[in-house]
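This is the structure I want to talk about, given as structure tokens.
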Amino acid sequence: MSEALEVKNLVKTFPVGKKGFFSKPAGYVHAVDGVSLAIKSGETLGIVGESGCGKSTLGRVMTHLLPATDGQVLLNGVDVTRAKGEELQKLRRTIQMIFQDPYSSLNPRHTVGRIVGMPLVVQNINPAQGRKKRVQELLELVGLNPEHYNRYPHEFSGGQRQRIGIARSLALEPKIIIADEPVSALDVSIQAQILNLLQDLQKQLDLSYVFIAHDLSVVKHVSDRVAVMYLGKIVEEAGSEELYSKPMHPYTLALLSAVPEPNPEKVRQRILLTGDVPSPINPPSGCRFRTRCWRATELCATTEPPLVQISTNHKVACHFPGPTPLPN
Amino acid sequence: GGGGTSADGSGTPAKGGTITYLTIAEQFNHVDPQRNYTGQDLAFFGSYVNRTLTSYAHAEGTAGAEVVADMATDTGTATDGGKTWSFTLRDGLTWEDGSEVTCQDVAYGVSRVFATDIIVDGPTYAISYLDIPAGDEGSQYPGPYKATAEQQALYDNAVSCDGKTITFKLNKVVADFNYTVTLLAFAPVPKAKDTGEKYDDAVVSNGPYKIESYVKAQSMILVRNENWNPDSDPVRHAYPDKVVVNFAQDQAVIDSRIIASSGEDAFLVSMDGIQPENLPTVFGDDKFKNRRVNETDPYALYAAINVNKVNCLPVRQALLVALDREAVRQVAGGEFAGDFADGFISPTIAADYAPNKVLDGVQPTGNPDAAIALLEQAKTTCPDVYAKATGEGLVYDHPDTPTWAKNAAVWIVSMKKAGIVLKSNPIEPGKYYSVVMDEALQGDISRGGWAADWLNSSTVLPELFGEGGFNISQNKKDPAYAAYKALMDEALAQTDRAAQGAIWKKANQYALDQVWAIPTFFGRSQEFRGGNIGGGYLWYPFGSHDYDALYVIQ
Amino acid sequence: MARFVVRRLAFMIFLLAIVSIATFLLFSVLPVDPASLSCGQHCTPEKIAANRIRLGYDQPLINQYFTFMKGIFAGRSYGEGAQAFSCPAPSFGYSYYRGQCVTEMITNALPATISLTIGSAIIWLTMGIGLGVISAMNKGKIQDRVSTGLAIFGLSMPTFFIGLLLIYVFIIWLQIFPFPSYTHFLDNPFKWAQALVLPWFTVAIVSAALYTRLTRDGMLETMSEDYVRLAIAKGLPRRKVLVRYVLRGAITPIVTIAGLDIAVLLGGAIITESVFGLPGMGRLALNSVTDSDLPVIVGITLITAFFVVVANALVDILYASLDPRVRLES
Amino acid sequence: MSLDSSLAIEGKSPAQLAWIRFKKDKVAIVALVFSTIIVTLALFAPWVCALLKIDPYSLDNTTLDSVGIPNSPFGGMSRAHPLGVEPGTGRDILARLIYGARTSLTVALIATFFTTLLGVILGIWAGYKRGIVDGIIGRTIDLLLAFPSLLLIISLAPVMQPRLVSMGFPEGNPARMTYIILILTLFGWTYIARVMRGQALSLREREFVAAAQASGAKTSYMIFKEILPNLWAPIIVYASLTVPGYIAIEATFSFLGLGVVAPTASWGGMLADSIRYFRSDPAYLFIPGTALFLLVLAFNLVGDGLRDALDPKGERAQKV
Amino acid sequence: MSKNILEVNNLSVSFNTSDGQVHAVDNLSFNIKAGEVLGIVGESGSGKSVTASAIMGLLTSGNVNLSGSIKLNDFEIVGAKDSEVRKLRGSDIAMVFQDPLSSLNPYYKIGVQIGEAYETHHPDASKAEVRNKVIEVMKKVGIPEAERRIDSYPHEFSGGMRQRVVIAIALINDPKILIADEPTTALDVTVQAQILDLMRDLQKTSNTSIILITHDLGVVAEMVDRVLVMYAGRAVEVSDIKAIFSAPIHPYTKGLLNAVRSLDSAIREKLATIPGTPPSLLNIPQGCAFNPRCSYKQWAGDKCLVQKPELHEIGNGLTACHLSKTDIERMNKDELPVV
């Protein structure tokens, strides 16, 4: 498998507290802070982490919806973050996005046909068989009735809307799709439909996915590899099997143990983390997780642990990695 | 003042009490005597504050038009065939601080007229009559503030004091100069108290009252001038103890309060007449009979035609005969607005008035047929003007107020009947005269109104159609002007009043024949006062209250 | 918070500077020549030129501007020698037309305008907020219909028509009031109020209508907030929920708008003052326009802008000090 | 797999839904009919007046007494003059009202159009672009708000009108109306712009905006194709609420003497004139006043109805 | 077992909206005993929150039609005077809402907001008493440094801490029933774990009954004793927690459980789904509302299309399904063929 997309040392900060023309920002949110990743073609990379850890920002920088502060996003050797004009326009065809909220991701004033055809219009693409035909094909592909071409989004349910959004993201025949929490807003019974659809499409169209979610069980279902984010940094990255069975970073451990188990018979041991995620404006020194970590020592406060390869398919950023679940 | 509410305005003159005047004006146009030039203000300050060498008699009817000795011992002595005039001051004339009013004070006051950068808006007879060489612009004498010793000498030569006698040397014969000096511009000013521009806010009184306070847009309060010596003043009565003027009142408010005349409001006097809608009320009910005045005033109302633009007599004549003057008068208030005018000299100047024949064939409602016939003539004689009058249209200037807008509408409609097109050109009321006096901005027809400065057409006809400052007919380029100018010169040089009057009558007829303006009506004024105020009548020379005659009924 | 206040005040001063410059530029295009206004009849170009120098209008605009600004802080004198006179600080210029310092004219006009503003603000705020509260509390019911109906009636009445109507009904027809003639409060409080009652309502009716809407919409919006639901779930009495939660949440935009409205009114209610003949700023403004009295127009424009800008800043600061999220920021 | 069967809702476009809601609002419908009638009357004024045998300009002295007051009760109402005559001239009030409505509506509608256009474009632009554009537009609004607009409007009229004439606008009424329209636009756009800015600010956070951006849409596409279509409802609502405001303001201007020139009729001008006839001819105050009030009210009610229909709010408000 | 403290019978709620009538809750009956934790699960829009609001007596606005009976300790809430219900709110029944961020008034200190709930129901309490009580309850819900943080404003708290404040407000008067409407949906898993832990502890120590509304079956499995499954405003199944996971007695419940992922399922395993989408409440299908999505409906004949199934007992649970008992048992064992 070749590498479809490579992220190198990506940094994204947002100024905060800037009130006027002339005033300086009061500080910066370090939303993404030196992230490196590689996605192989046909593969799904899951990214998990708690709210505000920078998952969406990472996704948006990768699609050039946000300019990067530093670092590179390489797509076929071209840096997406620096691309402009024609070049960027071309790159956009390769990398597309699926959004979280099926209600806000479709323009309520446009018909389904127009929504799905929008990328063709803005990219000025005229398929041989005509745009309408192509759109109807796409609708069919995602399991919608092509006759619904002239309907409005409000006439559809959440799951169907998410399908429309997926059809739109496929219009340009991308290679890579960044899916930012594509099922979080859906009901369980619908989530399954969408997850299955995404898997089918991947096989059919040979897509690579970056699958962003906060729900570890969802990620487990779709990912070949999983990266765990905490406060703008990747703390652990491994093949799915490996990560779920042998988590090494204490944060991953805690995260996994916190997922409620839909089985009353099974009582899992739980690591209860204290406190909340610290503010990304003033992240803790050294290891960012140390404030909530039961393994933390002096070292963690002073030295930031690098993300190191601990086995072929496993990287972790911790001074004291290990699968020991219990704090002691 | 006292209590009574049932007073009906009848009584006998007596001293005491407070008279309160109400006016819509924000302030007096000018308080500075040398800058004072509007009828009402002249009447007010002449009655209460400023004394002049001569003044008009405080009497009803034509008697009020008579000039009498005021500060002077008599009405002046003309020598040199009327080119030199002298007046002698009475004894016992005092300023409000008790000091004596001297001949120098009078000379100083008159000299201020020449300081035209500061003393603006007043009449400039002093400049045009006094024997001081003319400079590039106006006089060589720049007024007392800036004058060098030589320049001052020029003035002192023209106006000289010899003890109590002041002598004016004129540059031409002015037969009625003793009328001229009734203007407050000839009032004395104590040099030591002159504050220039600011003298307009507070003057030093030599009359029966002095200014206690003057807050613009609010009020002026006059109280008795204890240093006024009644023995030296045979002219004024000085009835009330106190005089209050409240500015910035609403016209409707003024009328309503005086109509009701209840309580304190019985001591009110309106300075602004009566608004049209209240005329039927006030004149329809006998209970107001002692409190109202309805008299012809000295104003002649007319619409000046810009002769430079409408240089076509038949068109002007067509305008004259087409106008529905009945409707024009109706808009202004019907018969209360005045009588139809047959010229520019008001019948109030009896010596100069004579009925004109030109308008005899024209009904008050206009004669479109006659106008159409006249236009037929114009078609061939002056096709350009004809084309404009019947095509693109003539521009009618008027102040931008609802009443004048209606007036314009009436003009437009009545001209339309004769096939003449008129376009309304509303002008901000405050700027009306400055616009129409600027020929570049003036339209084809501009409304106007004029009253004599004293009862002689010398202050009317030369002003309106001659060399005077108010010529908005722009007729000096009309070939017919030469003959008119000759009449003016002749009349002004004529010292015999009766002979002079005969020339004025001729000139008046001539101006009308040339239709340099269209007379509409001779103004009529209504005055109104509360039930506890007596003595009101229309003072002939000024067309306003005779303020001196008003008293509080005790 | 302190930082916020400083910054807000700095912006206020900046805005004032811009406003004053803009005003100056704007009025320099007027065809009115103040020099010729003070020239009188028999004016000659020479005289106007001389006047212009005397009054400082010969100076480049920028110098005029600085002279003017200096006058505001240090007062200004005109003319020279024995004829000189001066307008003490804060001087907004001198009206040659009226022969008075603009500041003096404005101070004379302010009492009437302030009386009008305060009285009507009290009326419209109580009426508007009251009706709005009733309306929101009884959404969909008859009270709501009546209140919103009244509001839309009020909104549809042009101010001058309300004024004329009130004059006709209460003064001419029913004769409940005499024709208003403004008296200073200190001279005769009763007459003062008597003259102002109708103007108060004239100004208040339209605004009350507006505030009824604002209050109603604001309250309905707050009522759908989760924290209101929680307050109800706590079992808090109705009054408390309404006042402490709903009104508290809805009042903030109302305060802002009220601050602005009051400031604008302080610059003169042109229509109401001229309909009722109140000797206030609005009437002064209108008269000055009719007379083309430029210095007064400039003065009033600046004063009004000053009120608005300052009110805006004060409201912002008040706002911030009421909102713990801003208050505690720095 | 097709999911046809589950698509239970009947397909209606948002506009159809709004129209259904609007139709239920009886008051708004009546107001709409009334406004339409007035607009039609104004549009066909010459024909209407000819039909009624009335004329706004001709004088009728026979209806007036010696001082110019109508000589029959109710302001001289008669068969010849259904709403009476004008004191002083005897002109027909109904005809003048119909012609006056022309001026009012022309000014109000054109000014509303430009106000909305400017406000919408600048507002969306500011809200969508944010940053420096937003800053400049925002400060401009602050500045405009700081000025006493009415005072500026009346004091600048004498200079601006001649300038318009020199720019080629016909002298007289066209120039005066143009000035009023311009000035209303200049001071009026801020309100709608602020509404639009707020809406655009929240719309730009919606994911469909990101979706279009991610496909490479340009700013103009974003503003006109993605954002604008979502703002038709508030645009229509605010535009429809601007019209009555402008009708009232136009009347206020002519009340202050800034309106059209004689002999053209204007409602505000009639009201300004009526002050002098309060006592003797109150009908002259009430008839134009009521007409003005009703027209403004009708437009307001239509606007309100549209708001309720297009932008239903407060339905979820918790009963306290 | 102990007595029911809450009994809901034939509760129906509908809203008149401009788009038509929304039948949010239809003929719902259930009860809860002291100390019991009842879970209400169902997809979005199935009427869970409306049911909660009805119990709180919050559905009083003009467009609501409410019928049936809600009895709290024999006190009938439906149709009761507002002032009466107000007395119960916050004292006998308390509620925790989903979004802790918007549930707190940004203008008031959290101590005030908690204390208010106490003062209202204890008008005689002194200031100091209230303050002590507030600190006590803050400690109880695990807010550190309660004495200091009592004077903080909501925005100074993190999401988890805010939710603790909301819970403190609910608990300060020792309510008999606590209704928690998706109390953890807005929170991160790690924080969710903390809050669930806290609620479990509190429930054990104070023996409060809890109605836990959620759509997360994992949370249900961990927290509750009994589950009420709602679909389109109706109860479709009420069963004990263990039973429902091992042997669901309604096709919808079964579908739901199949669609749920767990950490135990294999990587990239295909999930079972329920076809179709939940119905619009403006337009609920005839007969059984679930019938268009039901894989077993042909086993019950045409009934499903015409007749609304009523809740009836099967085994220890209640189900609203036309399938016969045997068919349900077969379904449990996956022996009933799917169509």
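Note that the chains are named A, B, C, D and E in the order they appear, and that numbering of residues resets to 1 at the start of each chain.
Everything that follows uses one rule, which is that contacts are C-beta pairs under 8 Å (C-beta built on N, C-alpha and C of every residue); 3 or more make two chains touch, one makes a residue touch a chain.
Please read all numbers here as calculations on a predicted model, not as lab measurements.
> Once the contact rule is applied, which chains count as partners of both chain B and chain C?
Chains in contact with chain B as well as chain C: D.
> Work out the mean Cα position per chain and let me know which chain is farthest from chain E.
Measuring from the centre of chain E, the most distant chain centre belongs to B.
> If you average the CA atoms of chain A and of chain E, how many Å lie between those two points?
31
> As a quick test, compute the distance in whole Å between the mean CA positions of chain A and chain B.
About 90 Å, centre to centre.
> I'd like the Å distance between the centres of chain C and chain E, where a centre is the mean of that chain's Cα atoms.
Chain C and chain E have C-alpha centres separated by 54 Å.
> Identify all positions of chain A at which a residue touches two or more other chains, and write them in rising order.
Only 20, 157, 160 qualify.
> By the touch rule stated above, which residues of chain C touch at least two different other chains?
Residues 139, 167, 229, 232, 238, 292.
> For chain B, give me the residues that contact two or more of the other chains.
Touching at least two other chains: 252, 428, 431.
> Going by the contact rule at the top, pick out the chain B residues touching chain D in the complex.
Answer in residue numbers: 251-252, 275-281, 324, 326-327, 330-331, 333-336, 365, 398, 400-403, 405-406, 408-410, 412-414, 423-426, 428, 431.
> Going by the contact rule set out above, which residues of chain C touch chain D in the complex?
Touching chain D: residues 15, 18-19, 22-23, 26-27, 29-32, 136-137, 139, 152-153, 155-161, 164-165, 167-168, 172-173, 217, 220-221, 223-224, 228-229, 232, 238, 241-242, 246, 260, 264, 267-268, 270-271, 274, 285-286, 288-289, 292, 297, 300-301, 304-305, 308-309, 312 of chain C.
> Please name which positions on chain A make contact with chain D in the complex.
Listed in rising order, the residues are 20-21, 60, 63-65, 88-89, 92, 96-97, 99-101, 104-110, 115, 118-119, 122-123, 143-145, 148, 151-152, 154-157, 160, 165, 168-169, 171-172.
> Would you pull the chain D residues touching chain B in the complex into a rising list?
Of all residues in chain D, those touching chain B are 57-59, 61, 64-69, 86-89, 91, 158, 172, 257, 261-263, 269, 272-273, 275-281.
> Residues of chain E touching chain C in their complex?
56, 58, 61-63, 82, 86-91, 94-95, 97, 99, 102-109, 116-117, 120-121, 153, 155-156, 166, 169
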